[in-house]
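Look for chain A in each of the two complexes below; its partner is chain B in the first and chain C in the second.
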Partner chain A sequence: CTGMSRVYVMADKSTLLKVILLGDGGVGKSSLMNRYVSNKFDTHLFHTIGVEFLNKELEVDGRRVTLQIWDTAGQERFRSLRTPFYRGSDCCLLTFSVDDSQSFLNLNLWRKEFVYYADVKEPESFPFVILGNKIDVSGRQVAKEEAQRWCCENGGHPYFETSAKDATNIVEAFEEVARRVIASDDKQEPLLSTHTVELRRKSRSDPSCC
Partner chain B sequence: MKINVLHTGVVFFCESAVVLADSINVFFLYDCSKVQEECDLTRAGICYFYPEDTPLEHQELLCGQLAGVSRCVSELSCSPVHLLRLRKSKYAVRMRDTFLWVLSCVSEVPDISVCEFLDHLIGLFCFYNGPVQQSYQLHSQGELALHWARYISHLQGGSTELHHIFSCLETIRSTRIDPLLLLKSALILQACQRCPLVLAGCLLYQGRVLSTQMCPELTRKVMVNETETYSQEDRLQAHGVCWSGATPPSNTVTTPVFLTSSEVNTLRCHPVDNSCRFHCSSQPPDQPKKTPLLSRTLSDIANTDLDPAELEHALCPPAHYQTHSSPHSSLSDEESFSLCPSTASTPLHLTVTSQSEGSPSESHDHILPNGTLLYKAIESSMFEGGSPVRSEGERNTAEVVAVSAISNGLESGQDSPPQHDGEGEGTKEMEVRGGVKEEMREGGRSGDCRSPSGGTLDCLLLYQHRVGSLVLAVLVEPHFNTDASAKEDVYFSCLASLNGLEAHLRTTSSQPPPAQGPYIYTHYDCVQNTLTTNVSEHSSSSQDSFVKATALLHSDFSLKDTLQEAIVRNASCAVYATRTKAQETYFLQQGTSARNSGIPNVQDTAFSLPGKARQRLLKHGVNLL
Partner chain C sequence: LPKVIFEHEGVFIHLNTDELEDQDSLISGFLRIVDKDGEIFVEYKPLEDTVDPSNMLCACKDSSSVVEWIQRPHRPVDQQLSYETEWDMVNTVSFKRKVYSNGEGVSNHLNERTKWAFSFNVADLRSVTVKCEGWSYLVFCLRDDATLPALHFHQGGSQAFLDGLRKLVQLGESPEDENVFLVGTYYKAFSQSFENLLDDTNYGLVQVREVLMGKTPGSKLHFECCGKFKKDPYTTTLGGLSKVTNFLFDAFRQSESECQQRPAEEMVDLLGELIPGLEINQQEEPGFEVITRVDLGPRPEVHRSGPVMMEDWAKHQDLEGRVFNVSRLKHLIFKGGLCHALRKEAWKFLLGYYPWDSTHEERKNLQKRKTDEYFRMKLQWKSVSEEQEKRNSRLRDYKSLIGVCTNAHQHLTLAILVYMVYVQYCTDVGYVQGMSDLLSPILYVLEHEVDAFWCFVSFMDQMHENFEEQMQGMKAQLVQLSTLLRLLDLAFWNYLEAQDSGYLYFCFRWLLIRFKRELHFQDVLRLWEVMWTGLPCQNVHLLVCCAILDSEKQKIMDRHYGFNEILKHINELSMKLDIEEILIKSEAIYMQIRNCKDLPPSVSEILGLNTVTHSLALEPCQEYGMLESPHNSPRPQHRQDQDFSNGHGLLQDTPHNRWKTNFIS
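Now for the complex of A and B:
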């Protein structure tokens, strides 16, 4: 049951949500994470090797949650290191760079890889969020409409255009991620944990965000 | 029992394995300045005595006798005493100023291991507490006793018997983890160095070295603190700790540590790519820069007893070995990947690279016209005996003086028959090793033990960041603690990577170890001070024999400079050993039919061992060809 992964409850009663950033190497996954969590941008980042993660606490619609953001290596050679960590993800952020059309075309492959290794039972209802990064860069190759169309055709996923460098749309994107997870949690079957049942009841009263 | 040493070096040995960890009988620190007059009580000079529950009369007896004997022998021979060997035990001795340190082990323990053990113990104390004399002025004996006890228990516990024999670093078993993770750890350390206040660091996992930028000696010292905290906190699974920004992270800690000025100079000389430094970190104007040597004044040089070699080395810093952080991060995949195999092959790659590029070990030792021998601090050999890194020049100056002496009352309850052990006949034998060279050596090299009078140790900070069982330990400039932005930079530059690395290692370490082949081997790298072995944690009779034989052979290698290959054996097994200046390798073939008549014979299976070792060990990356 994928919902069980969310039943890690931290001591302070905030729910831990595991979200994972996937996408080609060099599209800015690490920069997105760093910008969101520590509000820093580093031009000298090396390739991520394997996986890395940071936690960030936030409050969405009156609910305290902790996003555990997993950043992954985009290069093919690191595949065996990253794939074991897909399991248990509550949301997947498929990332591409708007100045690299190939990274956009590869979104399908990334989605497939995630669904396979995370062992997602119902891929149609799994919360994906699509991020088009590097909008600060000139020489754009992927039009906004093109990306929105892809999101629509592939399950109606939300799409954000971001810039980790300029901190554009980062907070909005991750907050949407948290809302998506909470919302999809509501659709899950009742869980055994009483704590989780309580969350369900609470979130039902929240206005739907999508 | 050794009965014969042939020219080819076939030696027979007895079965009883000795566990060094259990064989520390006595350790004490004695201040001779407190006992000058006839009326002064010996107990006034005892700063620390282990085991602490020893009756005071016994403590006084031993301290008094050994202090007297050591002084007498060193005055007679005009050289400090290093090792007093009695029938059943031996005493490693260090004398600095008015202080006397003595560590005793049973006699089966290799001389070199006892001496290294003592040197390391003293080095640890000075590293965490500063000069001995100053420490005892500032703190009570009771407080410092806790520290001594802690270091002793650290040295006794944890590592395997083999690690005790070689006094080497415990490294992670690199065969069990993905080489890419070793690259990842090296990159984490380099990322920290982007802060100008960070000198060098190491990564430790479950008390073992994963990657280090420091020389083996410093790494070993840093590990004590870590092992301590690991054993206390391993129940806390604190990975992925939140830091919302304002509050300082609770999983980091800084500790003041003391290094010799030459050690500090070496650290500050480390090549670091400045082009991608953090911009916000400030450096006080009086602080030596990371590319420091051009800005250093003459008076600076005079203050720090740099030897000519060091100076030369310093003025021509080694080529950058930093690989990742080129200012143009558009490094292609192929380029970056090509870094992996070499880095991956050893967890300590960076140390080796920096040493071999910048300062080959031969160039460390310089004999000046007046015969003084100078050393660089980075060198890993300990004071006495056996480390093949030593230069020939030093060996020639080494003197071994054997003095017979009567040791009344030093050993209680000894009534076993005399032992013949190869080089020392006679029951009560006292060996004094070392000599003038020791004092010379201390002048130039790290000298963990000199500096009891203070003044020569510089204070740095040890910054530690823990994520679960993974610890990042870096040596930083003293004002790191007051530089909030530097702290934040270092913390955030590695937090995510540490989290990830810990997650990777956690999943890796749960895998079972690979099956041991039909042979046992141990490969000791003298430069990096590390060990590669397939000896498992579970004890077996052939393994015990192997360890015992290894101890014997390592001891022989340390005593006999020209010995390169040897085979030792008993009725059931034979162990082959070979060494070069840089490494020692030990090999035991299991399951061979015993055709050991005891008399040298070409049919003897023992003589096929060298060939087997060459063939078998190739796949472990050990090239004996």
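Now for the complex of A and C:
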């Protein structure tokens, strides 16, 4: 990216999008984040303790945004320490591991927890994106169709099958996140944005939402 | 005044419980057990209440029906007020949330909320129904058959509540319904014996296990209702275990200085709310005084020495192997740490596995006993896990997955074994993320399955409060750290507070695993052995936090870091810290605090500065007057050292029955 566009991003306050990764411990939340942000994968990554976040700039449909990706500790007892950070999220990535059916079943709980603590006003229209990670691992327990059905029945959320290890579908998933947020912003109100953005938007056709 | 015996926040009433919808209107509140002049009450009160005590409704003890709730009639108003004020103080730190009800808007009306408050005398309690719906919820039924609204424990705590209740009343499983506990004859007792607790394995408890070393009073019965651990502890543990295998890689891990970009903008209104369960700033605990500016005086200069070498260590042992002049030896370790070759031996003493005054012979016997005990447990684990394996494909998967790794590295097998046996030994804690961080350095140093196991047990004995289900230990430490920070630099603390960071959440990882991920592996070993000396005072890890923050505070304030940036900045200190600098600063801060004349009592208490033993340890020059010739006066009777080394007993002295058979279904 050019220096010009970076300045442009800095000037536009509305383009920082907070995205939060939730899901059971060990499904690969940190690996997904690291793969996306640094394009690295570490088999021996630690369990996350507390919360961490990384930023990543990207351009979707002609719009520059900065994703602020929050990674959390998935284990039950750390709940009271992660939930305060849900607030202000623009999108929630619900994550499970396709080789762990329990982690899939727990998506409901994670969604509930998020909606509750993030103080989401309209859970039906809030952008969730669902990730079924570890498709590189053998011994799959959750079928793709099963996961798709869940996404369909729970608000028509987009579903991505990913492998942080093989870098499968990671970029696609996070770009979809950005698209969803932008789309839901556009729906709710005309984006409050800087002059520059307006010009930019006029020059492009509106991103069609999926 | 009423005494609060138990308190838990984050207990909810669902207003539309018949539908299992997200759209349930939720009322969030506190559940308390309160002792009022010897009578025990259970009280529930929603958050966001007014202070007006008349809003507090309760079921009067002698009322015939709870349906006719009346205002508490038998308390003088002033007592009520003081009680309410105390209660309200807690309320002020509550988190606020809007309930997304279906146009009901219940939460917006105080009156609507307050009507859900209730209180009853436990003598009026007939039964408690315990159910699980992804979380636990309890329903109280009183003796007049009135049923109170179900209380949902979305943030856990139902077990702790039942444990608390169990100390006050007898709860027996109903013959008709295993989810129902009938209240037996009411008796006021904290005297219920541990045996009773152990025998009482009803209400779906999976495991009953004495707390490590039998140390914690009223050892907790423990279960995680919706956690995976209950369903399949071994599989869960194995899943976690694949993380233990990090330790080898971890040992040689380089510091990766990843250039992450700072957030260009700070999120606005991110933490407008306080953290449920972790509100420490505004909450003035009883006896937690407000620290006003205290003149601390200058920070003295501190020097450190080189590590204790093999010959230094040998000089402190008599012919039969007893270590003498332990306090001097500890002081040397405190000042310089241990050379690596010595760690394998010395850590066993520092961690309390070996008594300092034991002979070679006694240690050999101890090790033999401990080896037997260890392998008994291991055998049991193996038999259980093999049985399970037949039925559980997932366990097989994990095992094979781990097997792949373990073939390559002998050590990894060891890590897994030690860990599995530990879970066997103490399922009270189970596997919690972060524990593997505490195991890996010990395993790395001791290179011995049995020794590593028992040393790990000792270390966990110090640390297990960090891993409690409700995280009380962590919360308490954050409160203490906050107290220290306020003393050391009120301006900085105020800055943090203004950035919604006064609860010091960003120190969570530091405390949970004792800086394991902040320092290079070799530096972790140094820090831990220094801390294990128990010098210069208790809770020295909090001073370490203060030392690190002291080095960062100017940067944080000058750059006007906000909530996100502070968190990010602290997270990114990992692997960039200088251990010697930190140790010097920690000690200097300690000296500075100790020299302060008007030290707030809370600070003295945190650091344990009132005890006589410490003044001994602090005057090394006088205490170790015979530095030159320690052999002239061997003093093997330094028993008091053990008291302030790690604060726990020796393995040798613990009762045999602490290890109890564990049934996995």
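One rule holds in what follows: the second predicted complex is superposed on the first by the 178 of 210 C-alpha atoms of A that agree within 3 Å, B and C clash if a C-alpha of one lies under 4 Å from a C-alpha of the other, contacts with A are read in each partner's own complex, and residues count from 1 in each chain.
Definition applied: contacts are C-beta pairs under 8 Å (C-beta built on N, C-alpha and C of every residue); 3 or more make two chains touch, one makes a residue touch a chain.
Source: prediction; values computed, not measured.
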| item | value |
| --- | --- |
| Simultaneous placement of chain C and chain B on chain A, clash or fit | clash |
| Partner chain in contact with A:Met33 - chain B first, chain C second, else both or neither | first |
| First, second, both or neither for A:His44, with chain B first and chain C second | both |
| First, second, both or neither for A:Thr83, with chain B first and chain C second | second |
| Which superposed partner A:Asp71 touches (first chain B, second chain C, both, neither) | first |
| Touching partner for A:Lys112 - first (chain B), second (chain C), both, neither | second |
| Chain touching more of chain A, residue-wise (chain B, chain C) | C |
| Which of chain B and chain C A:Glu176 touches, first, second, both or neither | neither |
| Partner chain(s) touched by A:Asp185 [first = chain B, second = chain C, both, neither] | neither |
| Chain B versus chain C as contact partner of A:Glu161, first or second or both or neither | neither |
| Colliding region between chain B and chain C, picked from 96-104, 114-122 or 618-626 after the shared-chain fit | 618-626 |
| Overlap of the chain B and chain C footprints on chain A, listed as residue numbers | 25, 37-38, 44, 46-55, 57, 66, 68, 75, 77-78, 81, 84-85 |
| Chain B residues within the chain A interface of the complex | 178, 180-181, 183-184, 187, 191, 194, 240-242, 244-245, 276, 324-325, 327, 329, 333, 336-337, 492-493, 495-497, 499-501, 503-504, 507 |
| Residues of chain C defined as touching chain A within the complex | 10, 22, 26, 95, 97-98, 100, 134, 154-156, 224, 226-228, 231, 239-240, 243, 245-246, 249-250, 258, 260-265, 267-278, 397, 432-434, 436-437, 467-471, 474, 505-506, 508-509, 512-513, 517, 564, 567-568, 571 |
| Residues of chain A touching chain C in the complex | 9-10, 13, 16, 18, 24-26, 37-38, 44, 46-55, 57, 66, 68, 73-81, 83-85, 87-88, 99, 102, 108-109, 111-112, 115-117, 119-123, 139 |
| Partner chain B, residues of chain A touching it in the complex | 25, 30, 33-34, 37-38, 40, 42-57, 66, 68, 71, 75, 77-78, 81, 84-85 |
